[in-house]
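The structure appears below as structure tokens.
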Amino acid sequence: MPSHMELGVSKIVQNLLTSSAERQQGSKVLIHSQPDKKAIIAMIEQLQMVLFPDYFVKKKVSRYAAEYYIGSVLDEIYINLVGQVALVLLQLDVFQKADETIRNAEATRIVEQFIATLPQIQSYLYMDVDAAFDGDPAAFNKDEIIFSYPGLYAIMVNRLAHELHLLKVPLIPRIMTEHAHSLTGIDIHPGATIGKYFFIDHGTGVVIGETTEIGDWVKIYQGVTLGGLSTRAGQGLRNHKRHPTIENRVTIYSGASILGGETRIGEGSIIGGNAFITKSVPPHTRVSIRNPDLEFQRDEMEETDQSKYWN
Amino acid sequence: MPSHMELGVSKIVQNLLTSSAERQQGSKVLIHSQPDKKAIIAMIEQLQMVLFPDYFVKKKVSRYAAEYYIGSVLDEIYINLVGQVALVLLQLDVFQKADETIRNAEATRIVEQFIATLPQIQSYLYMDVDAAFDGDPAAFNKDEIIFSYPGLYAIMVNRLAHELHLLKVPLIPRIMTEHAHSLTGIDIHPGATIGKYFFIDHGTGVVIGETTEIGDWVKIYQGVTLGGLSTRAGQGLRNHKRHPTIENRVTIYSGASILGGETRIGEGSIIGGNAFITKSVPPHTRVSIRNPDLEFQRDEMEETDQSKYWN
Amino acid sequence: MPSHMELGVSKIVQNLLTSSAERQQGSKVLIHSQPDKKAIIAMIEQLQMVLFPDYFVKKKVSRYAAEYYIGSVLDEIYINLVGQVALVLLQLDVFQKADETIRNAEATRIVEQFIATLPQIQSYLYMDVDAAFDGDPAAFNKDEIIFSYPGLYAIMVNRLAHELHLLKVPLIPRIMTEHAHSLTGIDIHPGATIGKYFFIDHGTGVVIGETTEIGDWVKIYQGVTLGGLSTRAGQGLRNHKRHPTIENRVTIYSGASILGGETRIGEGSIIGGNAFITKSVPPHTRVSIRNPDLEFQRDEMEETDQSKYWN
Amino acid sequence: MPSHMELGVSKIVQNLLTSSAERQQGSKVLIHSQPDKKAIIAMIEQLQMVLFPDYFVKKKVSRYAAEYYIGSVLDEIYINLVGQVALVLLQLDVFQKADETIRNAEATRIVEQFIATLPQIQSYLYMDVDAAFDGDPAAFNKDEIIFSYPGLYAIMVNRLAHELHLLKVPLIPRIMTEHAHSLTGIDIHPGATIGKYFFIDHGTGVVIGETTEIGDWVKIYQGVTLGGLSTRAGQGLRNHKRHPTIENRVTIYSGASILGGETRIGEGSIIGGNAFITKSVPPHTRVSIRNPDLEFQRDEMEETDQSKYWN
Amino acid sequence: MPSHMELGVSKIVQNLLTSSAERQQGSKVLIHSQPDKKAIIAMIEQLQMVLFPDYFVKKKVSRYAAEYYIGSVLDEIYINLVGQVALVLLQLDVFQKADETIRNAEATRIVEQFIATLPQIQSYLYMDVDAAFDGDPAAFNKDEIIFSYPGLYAIMVNRLAHELHLLKVPLIPRIMTEHAHSLTGIDIHPGATIGKYFFIDHGTGVVIGETTEIGDWVKIYQGVTLGGLSTRAGQGLRNHKRHPTIENRVTIYSGASILGGETRIGEGSIIGGNAFITKSVPPHTRVSIRNPDLEFQRDEMEETDQSKYWN
Amino acid sequence: MPSHMELGVSKIVQNLLTSSAERQQGSKVLIHSQPDKKAIIAMIEQLQMVLFPDYFVKKKVSRYAAEYYIGSVLDEIYINLVGQVALVLLQLDVFQKADETIRNAEATRIVEQFIATLPQIQSYLYMDVDAAFDGDPAAFNKDEIIFSYPGLYAIMVNRLAHELHLLKVPLIPRIMTEHAHSLTGIDIHPGATIGKYFFIDHGTGVVIGETTEIGDWVKIYQGVTLGGLSTRAGQGLRNHKRHPTIENRVTIYSGASILGGETRIGEGSIIGGNAFITKSVPPHTRVSIRNPDLEFQRDEMEETDQSKYWN
């Protein structure tokens, strides 16, 4: 006698597929036209290898063969990225009905532009390493920063994703930055514009919104939000500047929130921990929570069973 | 002459095993009766594939074969989950001495019930996608949300783990939600009850406690805590409602904390960023930090060597 | 006719390599003298297996063969770690010009000392498990803690990395703790000193700085920062005590910041959520935000299209 | 100073590529238009799974899900094979300049015909299993034959490859039979026609040429050649019948050679071991080497050092 | 409109499953009760590692940890083999209806006996290495033999499989020897009994039948058959001695066939290449083909196009 | 109570290790100084890729990047081969006590010479492809030969291994040719010297001994032995010419044996199938078995149960 399962499973499978197909207007069931998330993540690793060849090449390569090896990895990036971009172009109205040849040509044009920016991105990243070393007394040396600092990783992925964002590639830049978000707890939208010598220390909980602009020599700490004032208008706010502008040489300590598209933090200012700022701050200003309004009271420490470790 | 290592290693090995055995009362050294964390994580990926077949199927599947493929993945989930559940049933007093046949039967019963809920979970998740799209002006389209939004991932895992929690499966639901916590920084206990059209934006640092209840159309931001007022009573508080109730259409901005099992946020209310709330809020109320109590001072900017980037 | 790509790629490759070589003074292009991040992460998994043999051994092992298996994994740790340490010794001035034999001998000496501490680390970790169980009413049992609590994982990695830090191993301890940071959102510097029965609940966003000292029976929540008061002096602050001291039996609730090397939280004190503390707190004191300064206002709820889910 | 290697390697690489390009008229350097040998071999394993589902399915599948699983594997075969066939069609004059769409359509047509023959191939293979069981007293049971007999494997691959050969697919059938040749030492050209109830025992060294025809109930042993009389005319002989015809119920013992396109072994005949036959044999004839022309002599056994084990 | 494929595939899948189910009397569709061929092959590699620890251990192991490592591999063999044996016991009438517990107990008993024979098998194999070194002037040293001689590999697998055969394990021994057959072209039935100091040179095409008995210091070459005289009686011959007896110190040159259960090659005899022997040979006899009956004729060498390379 | 296994396994492990250690004079237990067979086999695949870049490159490579890719693979071959050769040099008396630096230098010298011969080996292999195409009417085209002909594979491996043999590298050449032997059934000793335009058809069972010399335009078939007359003198024959010389344009049909170091087959001769030749043959001679001495008899076909398929 067939079990409940045997009778029911066929219906469950059909439900799962139908519901999905309806959502997608029947047009994309198990299609081959979505980007491959794992391939995109693998590509980030290869880009990291190409940008920091002394650190992330995982196998022995002879010195004389460095050019062969990096050239070969770069070609792999090139081929994979053209493939992924050609798929996501389907998300744009103008390419939705374009055949594969046209999308491949456009994807090739985009990816060649992207790859041409890599040397510049590399030079910015070495500046970011310098900023981290000068900014963090706990940094043993620059190698430690390149190998292990989550802030540098998040900035690297943002700099790469931002180029693709400027080239109007849909989906992929966000998949890239959300991967960095997952690894680092730092959520930088690909649309955010970031200057030279940027440093994020610790980083967990940092949020930097789509239309944020950040100058040079800026340093921020964990838990900082550079966000929108309100998002209650939903999709109606699309394409407005909703996030703040941070000028050169600003430092923002942990937990501070700076909100709103009109809000501008002037050059050289310092924003203290947990500050909540929704208006502009003039240059060279130090903003801090005035009197941490705390109550101190001696505690009568009863020793209950449950609290034996915690009292 | 044997090195220090040769002489000492045997003792170290024995220490490591003995200490472990004592802890476990000698009964579980290198047992085969613990769940397999990697298998459970792999199962989450397969569930994601089954719930969003258009997005996460990693290989080409013909349209006519979609039912074969999803049916096949579902069976893999079924077999693996029965195996894992049969193991963790040993953690429950009533099954601790049950032989394998009885545990397998119970595991089968549980898993069949779980799988039967998948179509409904899927329909809730598509509502969550709609909520994210309407709530986030930075969302390019719904595909971007499904592919990359950590909030959606965390909710998906919670909806799945919550079903297993209701079916009284130990360990596995928590392993699942902690995996989502690791990937997203969003920590939702499997016991939390969540309504329709739920959206978590950015998400890092969100904590939602075991006895939290959340209505429909609720939206929360990064760093929000829905927690207990005090946990100093430890295990004595088990099974009490310790976490708040959030009614329909509430929005909670980043960094806000809402604490306590008696605390109820009324329908349609808005809780501002960094608010710290331990008492109930009536419906349709906007709560915000009144005057951000900040001190502004012009900074004399000395240019020392160490501060060349940061002042 | 060659494409833009064909002409340009050779130059891009050379740029990427040259810039890197210049940075490194031409000396390390694609060298084999950097640690292997993936190998170090794999080693953490093996250490977890050795420390909790009942939980993380992934294959069936006969009871009589437990000693063989753990001994074999320990040897794998030993060999890999000697190899990695011998590489990173190049980062220390005294070993920069030492040949391989000398570095291997030193690495062997270090690793043997490290392995000899494992039984003690194991015993501390079981105390941490007890602390978590007693401190969290949501904990189903101790197995759930070992399998899934991010706090325990972060503490385990810190206890391991701290030993290597004390043995003056560069880079590797930080790579280890940053891996834990990536998985848990908990950022503990390898230099931090942590007592017995330590518990971190939820944990995302916790930052514990290099010179922090933590006593026994301490419990902290998500988003807690034990940090420096100011880091504007950069590398000039290296080797100073910049982070606070937390005495025995202190509890620190979520979002609190305790900053500065002179700051000391006295025994048995309780620091409330979101408190911002830069001065010492005497023993047995309860510190909390006095009056959460909130504004409540009834909201006129207009029903616009964009806000249909969120009002 | 660059080593010999550094100077020479670039030239070696260029030589290797140039020589290859010249051979191929410059047109196919590192192309993507060759079949993927590993993919074809993987496909044989999947076909074996589909043809003998009780034996070669490598993971647990619920009974009710068998249809899902086999359907899913069959679809994987279908998709991969269409891809590979579309590539090799370039080898045929008529498709050499066809664009991808046309080749895909033709490949789809071919593969659908191929898949439609699988049930019949399966029924023939079960007859071959019966033949092996009845013919080999050493066979423990039919499961042993299906799991381990190289003769059955070689016949399975031939029956599959022969269908593709009849459908005029270039390269792939030969890659398939040469894979079986490599595993079994049995070399059957895809062009050979084989009847029902065929059994090859032991099999190593068997060669069955392109234009061989074999009836039903035929049994052959290791080292048997069914070959051409002379191949000195090379490509001039293409498409002539060059290999023998073996009628029903013939047995051919080990090491026998039967050569020539006109040679026909009549029904029910038995060809003895090592026989060398270039003329037809009438039905129901037993052919054997008359007097094994051997010389026997007593050996004077000198005991030298070198021969201590062997004399 | 659905394609031919869409309509037909469901029927093909059902045909493939039905036919299989009928064959198997409906009882074993996609069962979990068949041995896992890949697991058995992996076990051979582990046994090779345990028998020749100096040669086939693939990773670095400290000298002091050798016992841990080999003990650990041995336990892996033990666990896997018990699992596989418990499955194949179903093939025996007496265990066909035995439940899992009984089969596991019997499998454990068998495997413990098998493992206890490994040291003796190892000592025999080192004798076989000596025999190969003394017998082959082309052998560079004994390491070359252990690493690369197919004859040694085939003998190793036979010695292992023969022990399992003596312990009445079905299927597995034959799967093992057919794996060796596939790799070496040497087909030794697990039932064959082989003495000490055995050497097979080159080996391709060697067949050694089930009831063959081979003494000590025997050497055979490629293409030698030790087979049955006729197998036309099929399963009726089961359990009869059908294959020859080879006494001590016999050498058999390439291509010789020795057939029949009554045939005995006396001690110290030498059988020449291509000899075909169906009667016993007395001790110390040299048997060779008397006059190779060859015809020599001068060839008129016409130079046609086709033969330009070939005379 | 401990089982038999628990008590005995420790002794078995020690036996297995002791016996091995004794054999090796205690000096090599679980050493790291043996070549890695899998690495050597992987290297053959990479060499095949480099020699036939149009056929065996497994991933997409842009045309402009071909040089990068092949250069990169060549460097991988170079690094791995230097490592393996440095290990096997320990097998030579002169290097047995050399330290690693000296062995690495010698290995580097050897490998650079080896790599410099690759372009010439490639040009010979393309001649071998031509020979196969002209010699085999069943060859569809040259691609089929490169992809699937075992003869070409065996010759490729011999040409590579022969160069290493000439450079006095121990063990590795034989491991290479035995790998080819395993895949193809063709056993060519690395010492054998082979001219241009060589073709082996079918190939299973071919044996070509260490001191064989083969001219240009030679073609041989399956089962051909070019061997020694007698090997009873064992290691005493080392370094003597023990195998035949085959002059230009000779054809040798299947199963023929040509034995002895003095035996020379003159230019343009043809050796018929199964011929057994131990004396030289003058040029332009056709040698065949005169009258296949066969007995024909009508068989009375009794129809017993056992023979229903075979008589």
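Side notes on the structure shown:
First chain written, first letter: the chains are A, B, C, D, E and F, and each begins at residue 1.
Criterion: contacts are C-beta pairs under 8 Å (C-beta built on N, C-alpha and C of every residue); 3 or more make two chains touch, one makes a residue touch a chain.
Given the structure is predicted, the values throughout are model-derived calculations rather than measurements.
The chains that touch chain A as well as chain B are C, D. Any chain touching chain C that also touches chain D appears here: A, B, E, F. Distance from chain E peaks, on a Cα-centroid basis, for A.
Although chain B and chain D carry the same sequence, what matters here is overlap: shared residue numbers make up over half of all numbers found at their interface. Distance between chain C and chain E, defined via averaged C-alpha coordinates, is recorded as 54 Å. One simple way to say how far apart two chains are is to compare their mean CA positions; for chain D and chain E this gives 21 Å.
The set of chain F residues that touch two or more partner chains comprises 3, 5, 9, 13, 60-62, 64-65, 67-69, 71, 74-75, 78, 134-135, 185, 204-205, 223, 232-236, 251, 255, 274, 289, 293, 306, 310-311. Annotation, chain-chain contacts: A-B, A-C, A-D, A-F, B-C, B-D, B-E, C-E, C-F, D-E, D-F, E-F (touch as defined at the top). By the touch criterion stated above, chain B contacts chain E in their complex at residues 2-3, 5-6, 9, 13, 62, 64-65, 68.
On the chain E side of its complex with chain C, the touching residues are 59-62, 64-65, 67-69, 71-72, 74-76, 78-79. Residue ranges on chain F touching chain E, taken from their complex, read 3-5, 8-10, 12-17, 19-20, 23-24, 28-32, 34-38, 91, 130-131, 134-135, 170-171, 174-175, 178, 181-182, 185, 187, 189, 191, 197, 199, 204-205, 207, 209-210, 217, 219, 223, 225, 227-228, 231-238, 240, 242, 249-251, 255, 257, 259, 268-270, 272, 274-278, 281, 284-291, 293, 304-307, 310-311. Contacts from chain E toward chain F in the complex involve residues 50-58, 60-63, 65-67, 69-71, 74-75, 78, 108, 112, 115-116, 118-119, 122-123, 126, 133-141, 143-144, 147-150, 183-185, 201-202, 204-205, 222-223, 232-236, 251, 254-255, 273-274, 289, 292-299, 301, 306, 308-311.
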